Structure formats: structure tokens, C-alpha cells
Amino acid sequence: MIETLWYVFAYFVFPGILFASAVGLLFMGIDRKITGHMQHRIGPPIWQEFLDVGKLFCKEDVTPAAANSFVFNCAPLLSFGALIAVVLLLPINSAQPVLTSVADLIVIIYLLNIPAVCMMLAGYASGCPFGTIGSSRYVIQLFGYELAFIIAAFAVAAKAGWSLGLSSIVAYQAQNGWMAFQVALIPAAIAILIAAQGKLLRVPFDIPEAESEIVHGPQTEYSGPKLAILRIAYDIELFVVAAVVVVLFFGGPVPHTIGGVHIPGVVGFLIKCFGIVVLSTVIRNIAARLRIDQALKFFWTFPTLLAAISLFLVMVV
Amino acid sequence: MTFILPIGPQHPALEEPTHFRIEVKGEEIVGVDLRLGYAHRGIEKALTERSYAHGFYLSQRVCGICNATHSLAFTRAVESVAGVECPDRARYIRVIDGELERIHSHLLWAGIAAHEIGFTTLFMLLWRDREHALDMRELLFGHRIYATGTYLGGARVDIEQKHIPQLTRALAELEKSAKHYIDVCTSDRTVIARCSGVGVLTKKDARELCAVGPTARASGVDFDIRRDDPYAAYDEIRFDVVTERDGDVLAKVVVRLREILESVEIIRQAIDAMPKGPIRAKFPENVPENEAVGRVEAPRGELMYYVRSNGTNKPERVRIRTPSYANWPSIRPMLVGGTIAEIPIVVASIDPCFSCTDRVTIVDVKTGKARIMTKGELRGLQK
Amino acid sequence: MPRMLPDVLKNLFRKPVTVKYPKQRRELPENFRGKPVVDKEKCIGCGLCVKVCPDGAITLDEKTKKPRIWMGLCMMCGRCAEVCPRKVITMSKEFELATYNKYKAMSE
Amino acid sequence: MNVNEVARLIKRYADDVKIVGARQVFAATDKERYLEALTALRDNDLKHLTTITGADRGEFIEIIYHIHCGGALLNLKLALPKTDLEIETVTDIFPGAILYERDLMEMLGVQVKGHPDPRRLFLPDDWPAGKFPLRKEVKK
């Protein structure tokens, strides 16, 4: 009985829905505030995301007539659920994630693709031309960044003694230092950061949601509560992708004791995730949006090559 | 299989309503068809029912951004019809008014272009620097946009000596930021990736399709009314016409930013060489039977007013040909061959000002049926 | 790519140029043309302003022969203030003219 | 080209050539000679047609071709009696005239023969066919 209660608590409160969405919304709020200051303006307050999502929940729930209502309605929920599952698989508090399975790295990579697939389905199901074009661009971009992301992840797994379990990766890093500092894995770290920028649809690669060409891409027809769920899902994805990068490359949740005070692993983990988000914000503010063909060409040459080099170095050396 | 992609009349990329029907094969553009007329207000007809003094204000409202140039063109045509000579000091005030407007119009366009290619930071910073020019217009002429630098027979507001230091400081600020943005746009790899080689207008096309303004100058056509047909005080001011060669969107950005540097230089010379003296000559109530053409270099290109008077205080016929109207035919060679992603930036690259081009009355969006409102009904709505 | 990096990082530590509008306000230059204000006593009822207003926004009150400016039509061009012999109409600094009833927006 | 050269060039094809101000030439021509005049101008590398103005002068409709010639502006006037409003298209000589001729057709009812796509330009689709807004008799 206690076991199930613990899972219910873990799913709904601690690393689950409440914690993840709160942290995600907060990160996005800070990201918007930093973007504001970088553009020499005041920018919205940090809790702006909570206000936006709250407002959207009060709006009327509309499904366009031309849309295929079943797919259109359940796409946001599906992506939200998938992201919460990923949060449970990640070792956030201690080296031991809530749900453990043998090869959870592969499960995570698969689960992280579900929101992308849901967005594509939503775009096609919304029945508006902008949605269709947005989704087709999303498919193309997915092939672009996924390659680099997976190769970099496997390079890390190979380095940590061919184990696909995150807890063993974290344990490996606890002994001999962060993965990012291993000489062989520096190219992979750069590759995964660029791939993360593509996965999160941040500016150099926000082609599926190019507001000046196709309004909001797949999300054009969404409004009210459904859009709120999509927004929360996106913010959680921001936190989750940063968390995956931290777990793979920057040591994951390591409890420290500074000056006698025992700091739980979560705090260190969140700070490192926040660092990745800030880095992504800086990239977002100094680049223009690429065209879809340029983005694909860029993804398949630069980051994939880097990831392949580090994989080769790890395998051979 | 080609399918028609409707862009507009309501679309975030277009700041004003127009409608493109773009024939698309996959992502590649095959055909372009254009439907104007959504913001047409029948101004040419309305101008013939107003006296010159009241018509002056209507000519200011043809375009939301370049209104000093519109009123200057109208004034130039009406003054040559009435045979009125505007005093020297007023000619310099008109130059300052026109050039300040060119600066804020180019910065506004550069910001929109940056937004089209998704570079939000550059958009925000460009519009931050545009405030210097707008503040100066507010300081010198009263309003940020609807300035009173020109009026029939001269200028309405004189430039006091105590504003000059503030003006020179703002000009230095504008010059520094214009230089900085030229350097950014020509060296930032993502901007170059999105702008160079996109929407190319060859010099032959530009000359044949009678393109005007920065759109033509970016393709190497050396055509500028301020030098070819000098008005106000441009004959006493030294400046050179900025041209580029390769005619793509990047060239159009650089041409406009370099023109800002020229404008800053022109204003400095105008301030120094401004003579003392009266700023307005008497404008007669009724104008004798005559016809004349007033041409001015608007921020977007050559702007022409043709005025014919018939002895009364109302013009008999006014023809307005705005620069965007001349640049519309050259959209087709620029767009065909490109991809969907390029449409907004290429359309924005000729800096279209739809309310300039259209002058038709309101389309009733609710019923979708176009209804022509007579002026009486319009007035009724306002009361 | 990082051509804008110095720009962006410098902005982080500079004071933002934007102002929290309703709370703080920008100071307006002195020949700013806001809402025209009519000073009733000095008016001699000559009606010049009615003739010169491009929009026909000014009407003379029947009984008192004093000008009334309807802000629904006025575009604050400042011609009336310029042409008035007794300087009765002056352009104030007020530009926030939002009202619930457009027909009551009279500037007496 | 300065004003006098333009005046001398156009004299062959038009009469009543007068120079107004420092940089403008007004010239009146008729239906037979206006095409050769425009071709001659284009052959002298004057490719920029600023615009085509149409004005309803009561008993006849006056069409003015404004052509930018370097340092001067030539206004070539063409008077058309209201009975036969038929003119030849100039898009083969000045391709930029496409939109101006459509504007002319819909605002004044002048028929331009041989125009590539004579559709409406500004007026809404259900504008009554016979009514031309810039004609004198259309008051409001």
C-alpha cells in the first residue's frame, strides 16, 4: 500500500506534474525576463508564464469544424503525459530515478519524441494550411536534430561502460568527473547542445512555428485550455531536455555538503539545468531563424559530425 | 501538384491588408498573383472636394509613415500651380523634416525586415534607436509622425536655436547605431544566410519594370529625385546617391542603412547653412487655371503628385502615384523561384506601404461583400 | 553567429530604455500638440477657428458664441491655436483621450 | 538629358511643346503619333515611365504619360474624345505600365487594347460595371 501511495505522490507532486510544470514555467519566465533585458527592455515579470497559462485555462474551449476532433483534442494530453513519464525516469533527487528500467536511456529518447509526433499530428489534424506546412517542416527538422542527439547519447553510454541505465551513468560520473570534461566527449557535448536547441524549437531552428510565415505552425488553431496544456508541455520539455543534457554530460544530481550544510542533489541539479537554459536563451537572442533546407543541411553536417567523432574516439581509444 | 497558398489580407507578416495568391509546388513558388485594394479610401476623389488648405491634411494621411514627404510633394505641386515661392529658411526646414522622416522610416523598415527573418533582438534594438529620430521630430515639430515642417507656402513651425544641440547629439547617436547595424547585417552568418541571394531583382528588370527608390538602387539603378530633380534646398547640399549591385534582400538592407548615414550628413549641412528670415509666404485663396507635377524622393522611392487647378479654391484633379505602387510589378520576378519561407522577407524588402497604393473605400468584412460607403454615410458614422 | 553577442551582453547590464508607462511618464517637449483647450473669457466669437479647422471639428455654441471642439473629429493639427487672434485656443499636453462615450468628448 | 534636349526630341512627335520651370516639359500629341513618340523615347534609353494620369476634362478625357528623362520630366498629353475611348497598350514599350493601365481602365473607363491581364485592380469585385469613380458625372 505504501508503495502505491509513494508512486501516486511521486507522479502527482514531487518529480511529477506539480514540480515539473512549476519548474518549467519558472524557467520559461526567467528566460523571457533575460530575453527582455538582452533586448534592452524591462521584460515581463518572472511569474508571467503562470498568468498566461491561468488566463488560457479560463478561455472557451474551441475545436475548429474542419479539424479531425479526436486527434486534435488528445494530441496535447498525449505529449503532456509523455513528458511527465520522462520526468519520472530522470534521476532528479538522487542517483535513483523513481521508475527504473534496464535501458531507460532508450526509453527517454523515445518518449522525448512523442511530443514532437503529437505536434505533427495536431498540425495535420487542425485542417488549416499553416498547420499542414508547419507539421511537414517539423518532420523534416525532426530527422535533422534526432540523428545528432542519439549519436551523442550513445557516445556517453559507451563511455560509461556500455550501460544504458542513467543511474550507472550518474554513478560513473560521480567517480571520475563530469562527462563533458572527458576529452573524447567534448565534441558530443557541443553537438547535443545544438541538437537540444533544435529539439526545443528555439530561434535558430524555430522554423515549424515561424510566426512571420505560418502564424504559429501546428499550434495555429489551438486556443484556450488546449493551448494552455501545450504551453505547459513545452515548458516542461524545456526543463526535461536540459535535465537530460545535465544527467548525460554534467554529472546529474550530486548531493553536496558545503560548510556543513547538507544540500540535496535536487538544488545542484536545478542550477545546472538553469545554466543550460540560459545558454539556450543566449543562442536564441543572437541568431536569426534559418530556412528549413539550411537547417537540415546544418544539422546533418556540423553536430552529427561532432557526435560521430566523439563516438569514434570513445570506441577506439 | 501545385496548390494555392493564400497569404493575407490578415497575416502577421503583412502590417497592412493585401492579398497574395501564391501558386506553390511543394515549397517552391511557381506563380504570384496580387490583389490590392483593401485599404483604398478614394483619396483622389476626396481631394477634389476639399480646398487646398484642407486637402493638405488629407494628403498627409495617404501614408501612415511617410507623411512629411506626401505633404511636401502636394505642396510642391500646388505651389508651382499657384506660382508661390517659399522662403529660403522654409526650404531648409523642409529638408530637415524630410530627412528625419527618411531616417525613422528606414529604421522602421529594417526592424520589420529583422522580424521577418526571425531576428527579434535586432528588431527590438533597431526600433529602440528609431526613437532618437522620433523624439527629434516631436521636439522640433510637435508630433512624432504628423510633423508640421511643411505647409502651403513654407513651413509652419520654426526650428529654434536652443534645440540644435539636442538635435546634433541625437544625430551622432543615430550615425553610430547605423554604422553598427551595417556591420552586423553584413557579417552575421544567420542574417547573411537568410538575406543574400534571396529575392534578386536584376538591374535590367528593375529598369524595365520602372522600380523606384531603394528597391531600384539596390539593383544598381542610379535614380534619386533629390539629385535628378532637386527640390527644397537639396541643390545647395552635397550628398551622394547610395547604390548597391546585387539587388538581393541584403543589398536592400545595406542601401537603406547607408542612406540613413547620408541623411544624417544632409541634416548637419542643412542646420549649418540655414539662413535667417521668414518661414512662410502668403498663399492665395483661389488658384488660377494651371497644371503642374510635384515630385519628391520619399523613403520608398519617387513620389509624384499631379495637380490641375480650375480657378476655384478646390483642385480639379489630383493624381497621386506613390512609390510602392511603382514597385509592385517587380515583386513577381523576385518571388518566382524562391521558397515559401522567403515570401515575407521578399515582400517586405520593397518596403510596401499598402495604404499608399490603395485609395478604395471600405470592404465590409462581416458579410464579405464589398460595400461602397458614400462620404455622407462615412460622416454619419463619425457623428 | 556571435556577431550580436557583445551587444546583447552589454544590454544585460544597462538600464532598460522602456518605461513602465502608467506609473512613470516621459516628459513631453513644450511645443507638443495635445488636446486643444478653450479659454472661454477671452473669446470674441469671431469664428476664424471654425473656418480653418480641416475636419470641421469646431462648432460655435448657439447661445454663448464660444467654440466647442469635438474630440471625436479633432486631429490635433494645431491650426485653430495658430490662427486665433486672441490666443483663446491653446494646445495642452494632454493626449490620453480614451472615453466611453465618443459623442460626449467635447473640449469646452 | 536636360530640358532642351527633351523638348527638341519630342518636337517631331508632338506639337504645343512648352517648358515649364527648370525641369518639366509639357507636350500634346494625338492617337496616331503617341506610340512612335514613346518608342523613340525608349530608344534614347529613357526607360522610366513614372505613371499614366487620367483626367476627365468634361468633354474629353486627357491621358498624360509622365516619363522621367534624367534631369527632366516629360508630360506627354493625349486627348481622347468621350465617344471612342480606345488606346493601344504601352506595356510592350514600358513593361512597368501594367498596373497604371489597369488603374486607368477601372477609374475612367478607357479601353486599353492588348493589355496582358485587364482585371480590376483596386475596386471591389461587385462594383457596378458601368460606373467609373473618377468621371465628372459621378458626384458621390
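As written, the chains take the letters A, B, C and D, and residue 1 is the first residue of each chain.
Please note the rule applied: a contact is a pair of C-beta atoms (placed from the backbone, for glycine too) under 8 Å apart; a residue touches a chain by one contact, two chains touch by 3 or more.
Bear in mind the structure is a predicted one, so any value in this text is a computation, not a measurement.
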{"item": "Nearest-to-centre chain - CA centroid comparison", "value": "B"}
{"item": "Pair of chains whose C-beta contact count is the highest in the structure", "value": "B-D"}
{"item": "Between chain C and chain A, distance of the C-alpha-averaged centres to the nearest whole Å", "value": "51"}
{"item": "For chain A paired with chain D, centre-to-centre distance based on mean C-alpha positions, whole Å", "value": "63"}
{"item": "Where chain B and chain C are represented by their mean Cα positions, the distance between them in whole Å", "value": "25"}
{"item": "Centre-to-centre distance between chain B and chain A (centres being mean Cα positions), rounded to whole Å", "value": "45"}
{"item": "Sequence positions of chain D contacting 2 or more other chains", "value": "none"}
{"item": "Junction residues of chain A, two or more chains touched", "value": "38-41, 285-287"}
{"item": "Chain B residues counted as touching two or more neighbouring chains", "value": "121-122, 125, 128, 188, 190"}
{"item": "Chain C partner contacts - residues on chain A that touch it in the complex", "value": "34, 36-43, 282, 285-287"}
{"item": "Contact set on chain B toward chain D in their complex", "value": "36-37, 40, 42, 44-45, 80, 207-211, 223, 228-229, 291-293, 295, 302, 304, 306, 308, 316-317, 319, 321, 325-326, 328-329, 358-360, 363, 369-370, 372, 374-376"}
{"item": "Contact set on chain D toward chain B in their complex", "value": "20-21, 23-24, 26, 47-51, 53-56, 64, 66, 68, 70-73, 75, 94-100, 120-127, 133-134, 140"}
{"item": "Residue ranges of chain A touching chain B (in the complex, touch as defined)", "value": "35, 38-41, 129, 133, 203-204, 206-207, 210-213, 215, 285-294"}
{"item": "Interface residues, chain C side, partner chain B - complex", "value": "1, 3-4, 7-8, 11, 17, 28-29, 31-33, 52, 54-55, 72-73, 75-78, 82, 91, 103"}
